[in-house]
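Notes to accompany the following structure.
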Amino acid sequence: MDFFNDLADFSTAEIRELITLACRLDEKPEPRALDGKVLSLLFLSPSLRTLVSFQSAMVRMGGGTFVVSPDMSIHGLESRSGIVMDGVAAEHIHEAVPVIASYGDAIGIRAFARRENLDDDLADREFRELIALADTPYINMESAINHPCQSLADWKTMDDLGLPANGGKFVQSWTWHPQPMPLAVPAATVQMAAMRGMDVTVLRPEGFELPDTIMDKARQAAAMSGGSVTETDDRADAMKDGQVIYVNSWSSARHYANKRAEDKFKLELRDWCVDEPWFENAASDCRFMHCLPVRRGVTVTDRILDGSRSVVVAEARNRMLVQMAVLHQMLSSS
Amino acid sequence: MDFFNDLADFSTAEIRELITLACRLDEKPEPRALDGKVLSLLFLSPSLRTLVSFQSAMVRMGGGTFVVSPDMSIHGLESRSGIVMDGVAAEHIHEAVPVIASYGDAIGIRAFARRENLDDDLADREFRELIALADTPYINMESAINHPCQSLADWKTMDDLGLPANGGKFVQSWTWHPQPMPLAVPAATVQMAAMRGMDVTVLRPEGFELPDTIMDKARQAAAMSGGSVTETDDRADAMKDGQVIYVNSWSSARHYANKRAEDKFKLELRDWCVDEPWFENAASDCRFMHCLPVRRGVTVTDRILDGSRSVVVAEARNRMLVQMAVLHQMLSSS
Amino acid sequence: MDFFNDLADFSTAEIRELITLACRLDEKPEPRALDGKVLSLLFLSPSLRTLVSFQSAMVRMGGGTFVVSPDMSIHGLESRSGIVMDGVAAEHIHEAVPVIASYGDAIGIRAFARRENLDDDLADREFRELIALADTPYINMESAINHPCQSLADWKTMDDLGLPANGGKFVQSWTWHPQPMPLAVPAATVQMAAMRGMDVTVLRPEGFELPDTIMDKARQAAAMSGGSVTETDDRADAMKDGQVIYVNSWSSARHYANKRAEDKFKLELRDWCVDEPWFENAASDCRFMHCLPVRRGVTVTDRILDGSRSVVVAEARNRMLVQMAVLHQMLSSS
């Protein structure tokens, strides 16, 4: 495997193979599989779970990692082209990225949306610029528009729970959040659930429609897998017979990169905080999923998060396991 | 071993076994004993020695670590219950700790005293709340009231020096420090010396008595081991025939969590800085011990620290070795 | 090998052996050569390349590292002698360095010039004080006046490119930089090229002569190797038939530790930015070398850095490889 950037690059069979490998590595550790192998970790945005789950993943197979974040360079990294660097930045990504990549056998890169231009972010422009500078296999550790490690972990989590693939009812709901949030997880999630063959309902208030490029891609996947993708702002209708609700917040495409306008627009939407009444028409054991970090009392109530519906810790642990599988396929010589 | 939280949880025989194992791992490295094993390190308070000694310990046995500190989360970790998280904190310890723990085979946690309420700190309330969230074996890397790794290292250091256990004279002295300091090391130290069967004198100015719960627990240990525990503010009397002076600063229980009152109260106590005259009546080769970091010219003079009495570097190196022994018992499959 | 501080401590044969070993480890990895071995990394100055290249180097041979930087201690490290530590610094290097060293099998130390006194920096006073506190083999990861890992990497890079040793024409040029820059790389580079037997021309504007101690030492090396060392401010003359231009900025010895005076002095020197016209009289395939980080549009133009002359990424990757060779010789038991 030369890159892991988008679940859509893989067939369902290939995804199932990765998940099978993740399960095997959980049950039968291979502490020497990646002897002496090094994964470079480049974070242009902060991280907790992604950082430590990759660090642990490499150690568990006999390799290791090193971490680069922009604050580690003497005065930050410059990324603009054609610039005269007589300010504070002492290093340009055009040197830093190839060098960092050359110290590892593969590189993981995280680069959030720049939030200047929706089309740039939908095209994952910054991430594509960065990986073009690296001469090794690479892993998308969350970009403006994708988060394949999270989605693979979520797929495995549903498998672990015995949630049906074809015909399973998956509700992906927007929730309130004090900040404008990225499109990466929502875009990756709808794609994943559609590829898994589920009947996906995107539940969101008006104005928070996912952009067409995201929905169209997911609908294409659903057409292949036998699933479906619809959207609505009717909560009761969406949750009816739901087997899992996957919760997230994302920015309004209408007010993209305009925090003040979005803040005003969502003033009345604080009731988009998941609580037990949401589950009235859902399947009795309907699960609650979230990629973390999650804001208690804002996105979801304590009783849901602390109750039996929540599988958020299992999702997070699966991050490590599926990343081990990806790294094993990417770096293991055997 | 499922937890390493308090020397008092172990018999003297078990402690001696750990020290023997530490010596063996020093002499005969086992670079594959913990192949692919991962120790999570969660620091809610800053650390130098503890951090790097655990990192080194795991590498020396073929495993590895990852580190989490609150500043690594996007905006810090929330720890209050029932809170509506619409401020800066993006993640709650109720999610963060189980996830972090799930990425390791064991977790080390450091959480200093909150210094709001003496009884809470004496009961180690914060540390107990944290470990209740983790589903793996755990190690206390210093809590409000304990520091078992330091104490085990100190015990080994005295063994290495041939300092007698039963009947050895151990002076544990308060010294001046510009800040109010925690009770963790003093509480752990008096317990350790009492368990080791030594005749312990706690030397401190009036107002700096160790709380009864600490002294009573140590006296119980002394009753079992054949040692003794007394306290005094008479320096000459305390130091008489002393074979080791273990130096630390700690907060006054009278003025707990009230820095201004403590500062005023200890204004006249700057002569509590260990220097050669303290050793007038002591055994000629009386040793100087300190857990580090130590403030030169404040807690102890340069000539003591740079002279032959000081064993502070040996104590620090033993931190790594005894932690290797604890980790070996906790994580080695053989 | 007990220390790696200065290429001048090694014979040409020993250097060639290290480079051969670096090539071998690149082609035939030895992922278990340093099983369970630990390298302590002490950075008293910030670092990117050095940090991650050493981290990767150790993992590639089965060992590991830990990192200490002054901001990790509770309130920084004190280094002055005879000080009463009642300010913010909670720990002194007299305790910190021996302890940190005792957790590793070798220690790498980075300590930039203090820039208070040129003679102190030329004598590498701070670095010598630090290594005197460590009781293990050590590696100079850049000091006030040396950077042997960089120079060994540069030597290997020229070997890889087939650049002739004896008789090869090496131009070492000063360039403009907004900050006063250290003498470490320029001093190490002129020494390296002289030891390699090359005809070295130091090209710099008047006022930026390298100090005599540096030039004399390089001339001695050239006398031994059959090379030569000259200096000039005539760019066309210097570049004539040049096979490689090694670019750097360094402080004026005339205005050492006086940024304001140096800033004023170099106001007119912004044309010391390498661009294609510099190469007019050079060998057609004359290479561009730089230790990185490099300021685009300030020290060198984009077209040089992005063109075929530039070998800066190869130099940086060789940092990791030659450090692996040094560590292998230092720590491998076989």
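Here the chain labels run A, B and C in written order, and each chain numbers its own residues starting at 1.
Convention: a contact is a pair of C-beta atoms (placed from the backbone, for glycine too) under 8 Å apart; a residue touches a chain by one contact, two chains touch by 3 or more.
Worth saying up front: this structure is predicted, and the values here are computed from it rather than measured.
Chain copies chain B and chain C are related through a rotation whose angle, from the C-alpha fit, is 120° to the nearest 5. In summary, the pair chain A and chain C forms a contact in which the copies contribute largely different residue numbers, shared numbers making up under half of all those used. Separation between the centroids of chain A and chain C, computed from CA atoms only, is 40 Å.
Counting partner chains per residue, chain C has residues 62, 64 touching two or more of them. Of all residues in chain A, those touching chain B in their complex are 29-32, 46, 48-49, 51-53, 55-56, 58-62, 64, 178, 292-298, 302, 305-306, 312-313, 316-317, 320. On chain A, the positions that touch chain C within their shared complex are 35-38, 40, 62-68, 72-74, 78, 82-86, 90-92, 94-96, 98-100, 102-104.
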